[in-house]
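One chain, chain A, appears in both complexes that follow, with chain B as partner in the first and chain C in the second.
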Partner chain A sequence: MLLELVDNALVNTAANKSLMSARQNAYNQVQSIPFPTSKDEDWRQISLKPLTSNNFVAAKSGDVTSIDIKNYILKEADASHIVIVNGFYRDDLSNVSGLPEGCFVGKLGDAPAHVVEAFEKHYSNVATYKSDAFVPFNTAMVRETVIVYIPKELKVEAPLQILYATDANENIFSNARTFIFAERHSDMTIVEDFVGKEESIYFMNAVTETVLSDESHVTHIKVQRESTKATHISRTASLLARGSNYNAYTISLGAALFRNEPMALVDSENAHATLDGLVIVNGNQVSDTHSIMDHLKENCTSHQLHKVIASGKGKSVFNGKIFVRKDSQLIDSFQENRNLLLSEKAEVFTKPQLEIFADDVKCSHGATIGQLSEDEMFYLQSRGLSKTTAQQLLTYGFALDVIENLPVASLREKLSHDVAELTTDSDVEVTYLES
Partner chain B sequence: MLKIIDLHATVEGEKILKGINLEINKGEVHAIMGPNGSGKSTLAKIVAGHPAYEVTGGQILFEGEDILEMDPDERARMGIFLAFQYPVEVPGVSNSMLIRQAVNAVRSERGIDELDPLEFEDFIEEKLKLVEMDDKFLDRSVNEGFSGGEKKRNEILQLASMEPRLALMDETDSGLDIDALRIVSDAVNKIRNSENAFMLVTHYQRILNYITPDKVHVLINGRIVKSGGKELALQLEEKGYDWLMKDQLVNGEA
Partner chain C sequence: MSTLSEAQAVEVAASKKYKYGFKTDIQYEDFPKGLNEDIIRKISEIKGEPEFMLEFRLKAYKSWLEMEEPEWPNVEYEKLDYQEIVYHSQPKKKPKLNSLDEVDPEILETYEKLGIPLSEQKMLAGVAVDAVFDSVSVATTFKEKLKEAGVIFCSMTEAVKDYPELVKQYLGSVVPSSDNFFSALNSAVFSDGSFVFVPKGVKCPMELSTYFRINNENSGQFERTLIVAEEGASVSYLEGCTAPMFDTNQLHAAVVEIVALDNSEVKYSTVQNWYPGDENGKGGIYNFVTKRGICKGVNSKISWTQVETGSAITWKYPSVILKGDNSIGEFYSVALTNDMQQADTGTKMIHLGKNTKSTIVSKGISAGKSQNSYRGLVKIGPKANGSRNYSVCDSMLIGSDCGAHTFPYIESKNNTSSIEHEATTSKIGEDQIFYLQSRGMSEEDAISLIINGFCKEVFKELPMEFAVEAQKLLAIKLEGSVG
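For the complex of A and B:
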């Protein structure tokens, strides 16, 4: 399928020589790596039919025809946002005037030499997913990579929002690519936000690479609120240097079918990675998260709380791999997958997968699948709250420990609202856990 | 106000209540005492509408209306309030959010304007004073990490806020220290008036020194085996339940 869409003419439009060779390489990989089928262990529980049965075409323009971009811009990112529509970079809709000097956010062609250097060194070397054609497809075909460069010892106060919007009248596919480089002791919050025209069918293939230098802090929030008919495939890979702190929160509410593959390569001592997630599936939505937390050096900590709310006929798959390599002693790693099933027809699959080769480590992991508690429901109803309101509050409460960590107030507010709305559809038939 | 007629109930197939008759009129306070596991909490929860208990016979009338088919929230909006023996922790839901929604639910039922967040602040400040509670408890998740006594006091804060017509207080006194017991009792005495009523489940005479009951009932093995005035509580404190259990056996066999 990717093979049919990959286009050599576009591959050859690179802004720089090393990018050109990365694209050529990727092009070759797309030719040789087979498209996944349900026979592949990692793709067993979902069907990629929405991808193969639609005839996706390349987007012709980045024109906005039906969605209200302004409406999506976070208050805090008023002067720190980039807008990409259908894969086309929209300078005119972007505004990064609020970012401090030295911080670069933009296209490769506009980047200063030291930013280009960091880019050339790491681009495509972080998102190293094995036997995977989606990242190469992205590398070969993406029109523009959004580059985020945070200079050393700078704490950027305003969050940066990168809005990837899809707005077309045809079934288009597009690629989103973000490259984040945090210099020593820098600190920044980045929100990647995926939105689309309501009810429209499209394919979004997103790749983000984050490189953290020593002692840098990056909070990386990915919000997926695509059209409920879209397919969204996403890889977010990060490489952590000594003492760095990477906190990623992946919030997925939209799309008919989505796959997230967060990966943290904790490749130096004293680093910390968080890969938290909140998934809400309703109707016939299918969610698949395959994550990798890889500890390669000593003295590191990691945290992964993956929460799922499944209602209607929604389906969620979670496969969380944790590796602790041979020489990485004194690792403290936490993983928990909690699933709230709000209907009898919703399905949840969970598979924590620990591979530990070091002996002095602390790894805790757990998975729970449950319904709303009857006692909690009764307590709230005995306070006069209707059944619907009680359900809403409890579901919101369930989602809260992911949402409350997001350091952007307007986003927290927006998401809590969305959570309440998504979980009170009339087709939600709630069953309770007997106490 | 509340009339319970020959109430039978089971939980998971097991008979817990075996023919309860009880009438509480407005303005009255009734104490329910009895050994562990006798069915006191079950009675309170059934009046409040807990779905786990199945009523297999009898009636519960509230203000003359049969409430057995009503959901717990409907009953609450009609003015029935249960202060839980074991208040439930609700992670992620703030106490103030819950209490505001609760207050507005009963207000709208009563045809009174709902309180907006600012008005609620003034409203709740009064109630906090009444139970001498710090306002920091408002921002915390409902009961989460509260000490035993704090949970109980939070129940009374909710009671005071919802201004019920019938308050069922299930062992509110257990877990309260001496000062807290006095504060909570004072609050109840202030709330108490000729239009509302209280059913107070307790194991101890202590709280009844503060809140004088009009009637005391002894519930043993799913039945009210003895009713009397406040002096009955003193008698129980002295003699325990043994003498009544014997009676009950005789009755049971007769």
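For the complex of A and C:
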């Protein structure tokens, strides 16, 4: 069924010439790459049944009917946000007037020649790192690619918010595609925000590619607060040049099934990549993060902190791969995965993975699965807090570790409220070890 | 300073020859190559096995036919032609032996070259040696003394004849014949191995040990070991192996099963130093081993300790199923790879009972062009309340052409249990080498000292005589390598 849709999309979007060959290649790939099953090592722990059991249809319009877009726009991004609804670019809801001159954010059709050039050079090359059924599907099907271009020597103060909203009355699927190109010595913070109509069933297939030129800095925050019945599959790939600095944070709160693949291809010297994440699963939510930190050149550092709070019947999967290729000496790579397993029925699967082919490196990872500390609980209770309050406070504190690093104040605030709300859900029976 | 010496060192290491690479010239009974039902019937017949054993073998063979060789380990090798292997071999002279004097002098000489003079073993350490030369046990010492204590320690062949009930009860109970490709193959054609049974309340009076040797070109060796510790019993078992130098790859697909009942304790130690192939990766043993223990009873404990230095390919995951409440599983491992060696080894700890505990300490050392992988699974089931796991996997890299990999699978379905895992990969400390050298040590000694320190946590788990041997072995293996 999905293949027919790809066919249709090819016909529908043929007008955009520079995308056609990428689309055609991707289309061929979609036909040759088998749909992943639980027999594939990378998809072992999750079921993609929500994708096959629902009849998803392509979205027909970008009309907003039931969600309040304004409500989601960050204060700092008041004049630097764009809005895409059901895969349709909404000029009327977007406002990028606050961005400095030289910056381009928008559709390919509107882009100046030098932006198109950068786009054509890298588009779809970064995300196709490892063959996969969903990236080519996105490339073949996506209606609109959002392009973000930051000119050289420019530090953009205001964060750019890209809001992908899904709002429809039927089971729709849509593709989100973001292409970010940071020129030499540029600096920008980008917030990709995924929201949807509450309780609605839909499928969001998102791909983001970030290309960092020499000495550029990009902070990339992905906030996933989709409807708790939605399926969200995404890949966030980045390519790092000499001396560049890529800091990515993924905050996953929504979706029934969330699959995220953050990737950093550290392809030049002296670069640094951070791939942090916070996952909160509750109810029947499933969240699966498969990250890749690939060190291809010497003298680089990387950091990864992935935190998980699993309650209800939630399930969290984490596979963090760190590669250090042959002759990529002097790599300092650190990865930490901490899981808080709060309820009887929740499940956590984790597989940190190191593959090292160079000797002069310092690579380490740590993974823990556990509960709230009895000592900390006792301390708080001895100070007069009720057991529930103490549990909530500690859980909240656990999550805050990731959130407090976010450079956008209003987002920090919003997310800490959301986290507090999720962790104080009265349905969640928080347990800890009895002595 | 160290770059230069390292380069020299690698050169020296590369020229290092396998110390135990000799072949004993002994006549072999001819046995046709290949595998089919008739071959299995013949093996069973030669060994004079009861009907249930033949059925066990045939059933395993049938499931093996439907299985495929696993592709998932992080190793690359030329697939074997299983019809080119001779599935049974034994020394031709096979008299009933009453004392060591009757043993083939050539075999005794082999042991002496390996540094384990059997004739002196009795007086020495108090270790009973069930020496396996190729497929058939040729000498067993201290049998009488063990008999007094009620411990059964004999070859599998004897056990099938003398204690068929025990064998029937426990064989295949931990590693079912259809468990995996290599265990199915082993179950179909296994030649011999050791059988240990420690009855209720008995502490085995001495450490049991089997020395393995692979001889006879093209003969796969399929050992089968079964250790059963009844309620309150305890035993420590040692396995060590060296093999002579050959050009064609030899397959070793062993199966080891351990059953620990209430309050019992089994400790299994291995030093493995089989022929790893030459510096270009030619020849060498394929070591595809299935080792698994089950802590069936409450408060039982199974501890695996291994020092893996040999074999071209190692594929081995000594595991513990922690079924009884309060049971304990331990895994201590040193895996050293050099030249073209590849190792994919680790453990599985399956927590099923309440308050079960497991510890994993894995030390990987890669040198030359070798690839060394740790692959482990820690699984805590929904009923395993209050369980704990602690894992640490450290890898050390020596030289820029080798690789170290870590694949830990950690799964928890219980919210009263906790798991901790940490892994590091780093280079041997240049400043440490410098410090020791500035104190007058040669670089070689310095490295040996550092490596021994790196592996200390594992070595201290080995029985004393083995610990000494293991330390020596690492020093020999890395001689020149960085030191």
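We adopt the following convention: the second predicted complex is superposed on the first by the 419 of 435 C-alpha atoms of A that agree within 3 Å, B and C clash if a C-alpha of one lies under 4 Å from a C-alpha of the other, contacts with A are read in each partner's own complex, and residues count from 1 in each chain.
One rule holds in what follows: contacts are C-beta pairs under 8 Å (C-beta built on N, C-alpha and C of every residue); 3 or more make two chains touch, one makes a residue touch a chain.
Quick caveat, the model's predicted, so the values are computed rather than measured.
When both complexes are superposed on chain A, chain B and chain C sit side by side without a clash.
In the superposed pair of complexes, A:L393 makes contact with chain B only, with no contact to chain C.
Legend: residue contacts after superposition of the two complexes on their common chain; A:A111 is shown touching neither chain B nor chain C. Shared-chain residue A:Q329: touches chain C; no touch with chain B. In the superposed model, A:I309 makes contact with neither chain B nor chain C. Of the two partner chains, chain B is the only one touched by A:S382; chain C is not. In the superposition on chain A, no contact is made by A:L160 with either chain B or chain C.
Looking at the superposition, the partner that touches the larger set of chain A residues, chain B or chain C, turns out to be C. Of the two partner chains placed by superposition, only chain C is touched by A:Q353; chain B is not. Once you line the two complexes up on chain A, you'll see the smallest CA to CA distance from chain B to chain C is 14 Å.
In the superposition on chain A, no chain A position is in contact with chain B in one complex as well as with chain C in the other. Within the complex formed with chain A, the residues of chain C that make contact are 72, 380, 382, 386, 395, 397-427.
Listing the residues of chain B that touch chain A in their complex gives 45, 48-52, 71-73, 75-77, 81-82, 84, 87-88, 90-93, 97-99, 101-102, 105-106, 109, 141-142, 158, 162.
Here chain A touches chain B in the complex through residues 374-376, 378-387, 389-390, 393-394, 396-401, 434-435, going by the rule given at the top. Interface residues of chain A, counted against chain C in their complex, comprise 41, 326-327, 329, 339, 341-344, 346-371, 431, 433.
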